[in-house]
Amino acid sequence: MKYVDDFRNSEIARGMAARIHRAVERRRRYRLMEFCGGHTHAIARYGLTALLPPQIELIHGPGCPVCVLPVGRVDSAIELALDHGVTLCTYGDTLRVPGSKRMSLYKARAAGADVRVVYSVSDAIALAKAEPAREVVFFGIGFETTTPPTALALAQAREMALDNFSVFGNHVLTPAAMRHLLAEDADQSARLDGFIGPSHVSTVIGVAPYRAISRDFVKPVVIAGFEPLDVLQSVLMLVEQINQCRADTENQFTRAVTEAGNTRAQALVHAAFETRDSFEWRGLGAVPQSALAIRSEFAQWDAERRYALVPRVAADVKTCQCGAILRGCAKPSDCKLFATVCTPATPFGACMVSSEGACAAHYQYGRFVAPALSSARAPRAVTSA
Amino acid sequence: MKYVDDFRNSEIARGMAARIHRAVERRRRYRLMEFCGGHTHAIARYGLTALLPPQIELIHGPGCPVCVLPVGRVDSAIELALDHGVTLCTYGDTLRVPGSKRMSLYKARAAGADVRVVYSVSDAIALAKAEPAREVVFFGIGFETTTPPTALALAQAREMALDNFSVFGNHVLTPAAMRHLLAEDADQSARLDGFIGPSHVSTVIGVAPYRAISRDFVKPVVIAGFEPLDVLQSVLMLVEQINQCRADTENQFTRAVTEAGNTRAQALVHAAFETRDSFEWRGLGAVPQSALAIRSEFAQWDAERRYALVPRVAADVKTCQCGAILRGCAKPSDCKLFATVCTPATPFGACMVSSEGACAAHYQYGRFVAPALSSARAPRAVTSA
Amino acid sequence: MTALPTSPRQPEFGRKLDLKQGRIDLTHGAGGRASAQLVAELFAPAFANEWLAQGNDQAIVPMPAGRLALTTDSHVVAPLFFPGGDIGTLAVNGTVNDLAVGGATPLYLTAGFILEEGLALADLARVVTSMAQAARAANVRIVAGDTKVVERGKADGVFITTAGVGVVPEGVRLDGAQARPGDAVLVSGALAEHGLAVLSQRENLGFDSSIVSDCAALNGLTVAMLAACPSLRLMRDPTRGGLGNTLNEICAQSDVGMRLDETALPLRAPVRAACEFYGLDPLYIANEGKLIAVCADEDADALLAVMRAHPLGRDAVRIGTVIDDAYRFVRLTTSFGGERLVDWLHGEMLPRIC
Amino acid sequence: MTALPTSPRQPEFGRKLDLKQGRIDLTHGAGGRASAQLVAELFAPAFANEWLAQGNDQAIVPMPAGRLALTTDSHVVAPLFFPGGDIGTLAVNGTVNDLAVGGATPLYLTAGFILEEGLALADLARVVTSMAQAARAANVRIVAGDTKVVERGKADGVFITTAGVGVVPEGVRLDGAQARPGDAVLVSGALAEHGLAVLSQRENLGFDSSIVSDCAALNGLTVAMLAACPSLRLMRDPTRGGLGNTLNEICAQSDVGMRLDETALPLRAPVRAACEFYGLDPLYIANEGKLIAVCADEDADALLAVMRAHPLGRDAVRIGTVIDDAYRFVRLTTSFGGERLVDWLHGEMLPRIC
Amino acid sequence: MCLAMPVEVIELLPEQRARASVDGVTREISLALVDNVVPGDFVLLHVGFAIGKLDRAAAEATLAQLAELGRQPGEGATP
Amino acid sequence: MCLAMPVEVIELLPEQRARASVDGVTREISLALVDNVVPGDFVLLHVGFAIGKLDRAAAEATLAQLAELGRQPGEGATP
C-alpha cells in the first residue's frame, strides 16, 4: 500500500528509536499524551512502547469518538430506534457501546429495532431516497474528520427536500477537549509535557487551532500521522522541543495536513452546524464548547428536534476508571473491572468500547500479564466451525 | 359429531338405496344435477353412485364458488396484490386457482405479493384495525352462504371508519346460475330431470327462489343437506316427483332451511350489495344477474373502485371441457387434459381447481381406471420425511 | 505456571448469559466470544456427553458392526411451542424415527441451529432442554452441533436441522420397495394429532381442544416389532403429508397399490371435529409419533399384539392390504362400501370455505 | 397388469418445473406432489447415487472399519453467490473439511434445505449443481436430504445444513487438545480471502478486487499430511472467527499459548488493502479452504514440504510456535519486534470508522 | 360447496360472540348473523359465523324418517 | 481515531464521484469535499469521502527525512 507501508518500515523504526534514546536527557521525564485513538492503536499494534526509552511515558487521551459517546446519547439513539420506530443508520463502531441498563444498539436490534450498519452517510441518504415511507435517521458521530460528510448529507437532504431523513448529531471537537484537559486543573496540566496531535482531524481543521493551545497552555504539540514511523518521528520532535524548552505546534504529517486545513469541508460544516455550549463526554463529563449542534435552518433534518428528544442524563459506571485514564491519571490495569467483568465483549466504560480505547487496546495488544482471570470455568464448546 | 354422524349411517344408507332401487321405473332415466360441490363431494367421498340404480345419472353442477371464479377476476386479485402492493386476505381455497399466464396467488406470493390466508373475514378486519399503515383488501368470494359475513364486514368498516380496508367483491348467486343452465338452450333443459338443490346457500336464501325455478322451467328441485343420507333421501324424493310427474320445490334439509331463510343475513346483504347486470363464470361464460356488486354507499370500501381496477377479459383454456361438464354435457374423463397435464396440483379449468370441482373430485375419489398416465418417469425422491 | 486449572477452558465471558430476559443478537452467531458463551452456558451442559466435550470440529465416536443408517430433517414449525411438544422434541424425535423405521438403532445426532436475532434466550433454553430430554428418552447422543444467527426478519425464531446416525443390525433389511400384494398395512395409533395440535396454536385459527401432538421417539417400539416379526417388509413414519401421502410413496416405491378400510382408520373424535371445522382431511395431516408397518398377512395379528403391548402402539390397527395395481393407487373402501382414491397431497392443507 | 414400467415412480407432475423462470412457493415444502417434483427433477438427478435413490426415510450405507467422525454446519451466507463459490460449494466443503481436519476420510453427507418462498428456481438449481460438483470433487456422496419451505420474510433465500460422516483410519488420533509447547504452528495458505470475497458483494460495501473465496475441500491435502507426518497433533480449518479465534480455541483446548510471527502471516496485497479500507482485521476473517496444523517442531519442515506439493497447500508456511502459557494467550511478535495479543473475537467484524 | 357444520353454542360472549363446541373442540364464533341464540342451541357455522340455527325437532324428525325409510323391506317398515 | 487511508484516484465519475484504488482493490468514493482532484492524485479516504489530498512531494520529503533519521549512528548519518 503506497504511502502506508513505507511508513511501517521496522528497520528505520529501530534507527529512529536509537535516535530517540540518544535524544532524551537521562534524568528527565517526558509525559506525552497521544490524544487520538489512532496513535494509541499504532503504539499498541506495533509495540512502540518497547522501543522507547524509559524516560518517555505515553498517556492515552480521549481521542476515540465512539468511546466518548456518553450513556445519555446512546440511550437517545436507542430511544429513536425502539420507541420512535425509525430506521437508524449507524457506523458499525456504535453497536456495542453501552447505554444505561445494559442496553446497546445490538440489543436494541434484538429487541426489534431497525438498526443498520452503513459504511458511509451516503448509504443512509440512498436508503431514505429509495424508501420514502421509511423514516431514516443517521446517527452522526465522530470528530472533525467525520463531520464534513454529515454536513454534506444535511445539505443534500435540504436540496432534495428529502423529508424522511434526519441526523442525530453527536459530532465533537478535539481542540475543546484538549483545552479542557489542560484547563480543568493545574495538576493535570502539570502532568503533561506535550501532545501528539490529531492526524486526520488535522487534515480537516489544519494547524491553527493547536497553535493557540501551545500558546495558551505553553505545551508543545506535534501533529502526527497514524503510522508507526510518524509516531516515532513526532516523539522525537516533542523530545527536542522539550529539551529546548519550546512549546510550539509543529506538523509532522505534512503530507496530509496544511496550515489552513480543508477549507471547503470547514465551510460545509460551518453552514450546517454551530457550537454547543456544553456537551457530555463519557469519562470526562461536561466539556464546554466541545460539540456541534445542527443549525436551526436544518431543524427539519435534525432528529433531536424532529423527535423532540429530551436530553437524557445517565451516570457512567462508578468503579470505572475511564475518567482518570482519559486524564492520564490512571492505567487500565489500575481498574478493578479490567478484564474481569469489563471486556471488549461486555464493555463498561469508554476505554473498553472501541478497539482504540485505552482499555481495549491494552486488553487486545498489551495484556501480557493479565490480572486474575474470571473464575468462569464453563464446559467446552458443543459447536465447532 | 352430533347432527353429522347420524346422517352418515351406512346401515340406513343401504336401506335407503334399496328403497331407491325399488322406487325407480326400470325403463326410465333420471338425470339429476347436484348443483353444489358439497353434494358432489358427498357423492364421491361416500361412493354413493355405486349404491344407486343405473337409471339414476348424477350430473355435477357449477356449484363451487372457487371453481367458477373467472380468469379475469383472479388476474385482478393478483394485480391488487402485486401491483397495488396491498395485503390481500383470502380464504385458502383461492391460492391455487389459475389466472392467465400460469399465474396464481401462490405464485404471486412467491413473486413478492403479500397474500394471507384467513379463516374468516373478521381476521382481515382485525388486521386492518391493528395495522393502520397497511392497505388490507379482502378477496370476497362465495355463494350466498359466504356473502353475509362480507356484508357485515363492510358495515363494520363503515361504522369504524376503517379506511385502510376494502373488499374485492366476487360473490355470486346460485339461482341465477340454475336459471341460466336451464334457459340457455332447450337441449340443456331437456337433459335435466331435476335438481338436488343447494344446502347451506338455502339456509340463507330460503326455499322461495327455487319455487320460481320449479314453476318457470317445470323442474323438480329438492333442497338437500350435504350428508350422504340427505343426498340419498333427496334422490328418493326427486325420483318420486318424477314418477308422479310433479315439478315442485321440496325441502329435505328442514333442520337448517326455512321457507324465508335467514332474513337478518339477507337484509345485511341487501344493504351492502346490489345485483350486477352480468358476471363471468369460469366454464359458463357471462351469466346475467348472477353476481353482486358493492353499493355506491360503500364505494370507499370497494376495492374495484378504490384501485380503479379495469375489468380483465381472459379466455378459459380452449381444450378444457369445463363448460360442457358444468352444463352436464360431458364427464371429466371426456377431457383430454384430465389427469395428464390438468391435475389438482396444476389445474387448468374450473372443475379441477377446488377439491369439490367435478374433475378434482373424480381425480381424488373416482379415478379407478385412470387414462394413460403421463410419461414423466422421474428418479426417486432424495428427501423423505 | 500459576495455580490455574489445567483443564481446557473458555475465554472469560464477563457476566453470565441472561437466560431469563436476554435475547439472541448477531454477536451470538459471529463465532467469537459470545458464540462460545452460548455454547458453554447453554448447549454444552444440556447435551453433555464425552464426544461433544471434545470440542473438535468433528465428533469421533465408536460404532458397532453393521450397516450405517443416515438421515436428516430440517425443522421449521411455527409456533415453536405447541401442546405436547416443541421444535426441540420434534427435531430429536423426527430424526430418531427416520432411523428407527429403517430398522436401525439410532445412536448419534448432530444439530444445526439457525437463530433469528431477537429470539428470547428463555425460548432457546426451553427448546434446548426439550432436545436434551428427548435425546435421553430416545437413548441417543447429540455429538456435534453448529449455531448461526441471522438478522431479524431473515428466519423465524429458530430452525433446527438434525442429522442422525444409526446402525442396522445384521439380518435386518427393511425397504420401502418391499411391500407385496397381500401384505397387511398397519398403523401404530391415532392419526393427525401432531398437525392439528400445531394448527390449534396458530393465530386466527386458534381453537381449544384436548388434541396434543403425538411427538415421540419410536425406536423402542420398532425394536420390539423387529424382534417379533421376521416378515416385516418396511416401516415408515407418516409425518409431513400424513398417512395419505406416505402410503402413496410406499406404493410408488414398491410398485403396488393398497386398499384401505375407512372404518379401521384410527381417528379420535376431536380430530374429526377439528378437521370438519376447517375443511381439512386428516389423512394428510402430519403425525410425529406414529408409524406405518407392512408385513406378511399371516404375521399381522402377531405383530399387532406386540405393537399393542408397547405404550406407543397401544392403538395399533390394521388399516388395509397391499394389492396389485398398475396405477399404484391407494384406494379407500368407504364406510358406505363405496371406494375412493387417497391421492398424493397436492398443495398445502389450508383451511377452506368449500 | 398393463405394460407400465415396473420401476418405482413419482406421481404425475403435469408440466415440468420451470428451472429458468419459476420460483419456490409454499407447495414445494408441503410434502406432497410439488415437493416430490422438486426432488425428482432437481435434487435427485444432481446428487444421483444408489443410496439416495432408495428413497427411504434413511440411507443405509456400507462403512469401512474404524472410528466414525460426525460433524454438522449450517450455512447462511448472504449473498448466496460470491466470487469463487456459492452457498452450495460452502455447504459441501465446510462439512468435508471439518471431517478432514479430524483425520477422517469423508464419506457421506446429508443436506437439509430451508427455502424461502419466492426463491428463484434458477438460483436453487445453481446451488444444487455446485453442491453436486463439490461433492464429486471431494469424493463424498450426499445420501440423505430434506427440504422445507418457509414463507417469504421468514428465511433468506436458502439455508443449507449439511452433516458429514467419515471414518478415521486406525492409528490416526488428532485432537485439538494435543498441542504441546515447542510444537510448530503451520497454515496452509493465504488468509481471509473467503470472508472478503463475500463482503465484496454486499450492498453498500461493494468493492472490486481480484479477491476470490478460497472455498475448497481439504481432504486430499489432509490425507497427504497424515501420511507424511506421524507427529501431527491436530488440524483445524479457520472458518468463522478466522485464524485468530481458531488459534485461541486450540490454546484453550490444549492448555497452551502460542507465539506467532507477524511477518510470516500469509496475507495477499488486496486482502491487506481491503481490510485497511474497512477497518477489518484479517486475522478474524473467515477462510473456507485453509487449515492450521500443529506438529512437532522437528517435523515441521518435512510437513511443509508435503503441504507445498499439494495444490491447496502451495503457500503453506510456519506462522508460529506453541508455548507454555498459563493464560493461554496467542501472542504476536510484530514486524517491529513488539508484541501484541491476538484475542478471541468479540462481537462481529463490521466496517468501522475508528 | 360451502363448508358448514352444526356446532353447539356453550357460552355467550360480549359483542355478539359466543363459544361453540363440537366433540371437545371449541372456538369463538360470531352470532352477528342470527337472532336469539342461547347456550345449548345448535347453529350452522360457516367461516366463523353462525349462518342459521339448527332446528333440533326437524333434525330428529328427519332422522326418524330416514330410519324408517332405511329399514330393509323384511324389517317390517311402514310404507 | 479516525480510520482513513491514502488511495489513488483512477477515474473521475459524474456527480463528484470517482473510482479509487489500492493494491488492486477499487471502489467508488466521493470527491465532494475536495477540490481539483485528477486521476493519479492520492487522496485520504474516510467513510467513503476524500477528506483531503495527499501531498506527494511532502510525503517523499518526510520519507527522506525518516530514512536519514533512522540511519544508525555508525552508518554515516548527517546530524
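Going in written order, the chains are labelled A, B, C, D, E and F, and every chain counts its residues from 1.
To be clear about the criterion, a residue touches a chain if its C-beta (ideal position, glycine included) is under 8 Å from a C-beta of that chain, and two chains touch if they have at least 3 such contacts.
Values in this document were obtained by computation on a predicted structure and should not be read as measured data.
Counting steps between touching chains, the shortest path from chain E to chain F takes 3. Least step count on the touch graph, chain C to chain E: 1. The angle of the rotation carrying chain C onto chain D, fitted on C-alpha atoms and rounded to the nearest 5, is 180°. When chain pairs are compared by contacting C-beta pairs, C-D ranks highest.
Set against the C-alpha centre of chain A, every other chain centre is closer than that of E. Chain A and chain C, compared by their mean Cα positions, are separated by 54 Å. Distance from the chain D centre to the chain F centre is 38 Å, each centre being the mean of its Cα atoms. Put simply, the C-alpha centre of chain D and that of chain E have 61 angstrom between them. Centre-to-centre, using mean CA coordinates, chain A is 75 Å away from chain E.
In chain A, the residues that reach two or more other chains under the touch definition are 1, 4, 13-14, 37-38, 64-65, 91, 96, 106, 119-120, 142, 146, 343-345, 356, 373, 380-381, 384-385. For chain C, the set of residues touching two or more other chains reads 4, 7-10, 26-27, 31-36, 54-58, 71, 73, 98, 144-147, 151, 237, 239-241, 249, 253, 269, 272-273, 276, 327, 343, 346-347, 352-354.
Within chain E, residues 1-3, 5, 22-23, 46-47 each touch two or more of the remaining chains. Looking at which chains touch one another, you get A-C, A-D, A-F, B-C, B-D, B-E, C-D, C-E, D-F. Put simply, chain F touches chain A in their complex at residues 1-6, 8, 22-23, 30, 32-35, 42, 44, 46-49, 51-52, 54-56, 58-59, 61-63, 65-67, 69-73. Residue ranges of chain D in contact with chain B, taken from their complex: 4-5, 7-10, 12-16, 23-27, 31-37, 39-41, 43-45, 47-48, 52-58, 117-118, 142, 144-147, 151-152. On chain D, the positions that touch chain F within their shared complex are 206-211, 269-270, 272-274, 276-277, 279, 352-354. For chain C in complex with chain B, the touching residues are 71, 73, 98, 204-205, 237-241, 246, 249, 253, 269, 272-273, 276, 278, 327, 329, 331, 334-341, 343, 346-347, 350-354. Only residues 1-2, 4, 6-11, 26-27, 30-36, 54-63, 67-76, 78, 97-99, 101-102, 104, 108, 110-114, 143-148, 150-151, 153-156, 159, 161, 163-166, 168, 174-177, 234, 236-237, 239-241, 245, 248-249, 252-255, 284, 286, 324, 326-328, 343-349 of chain C touch chain D when the two sit together in their complex.
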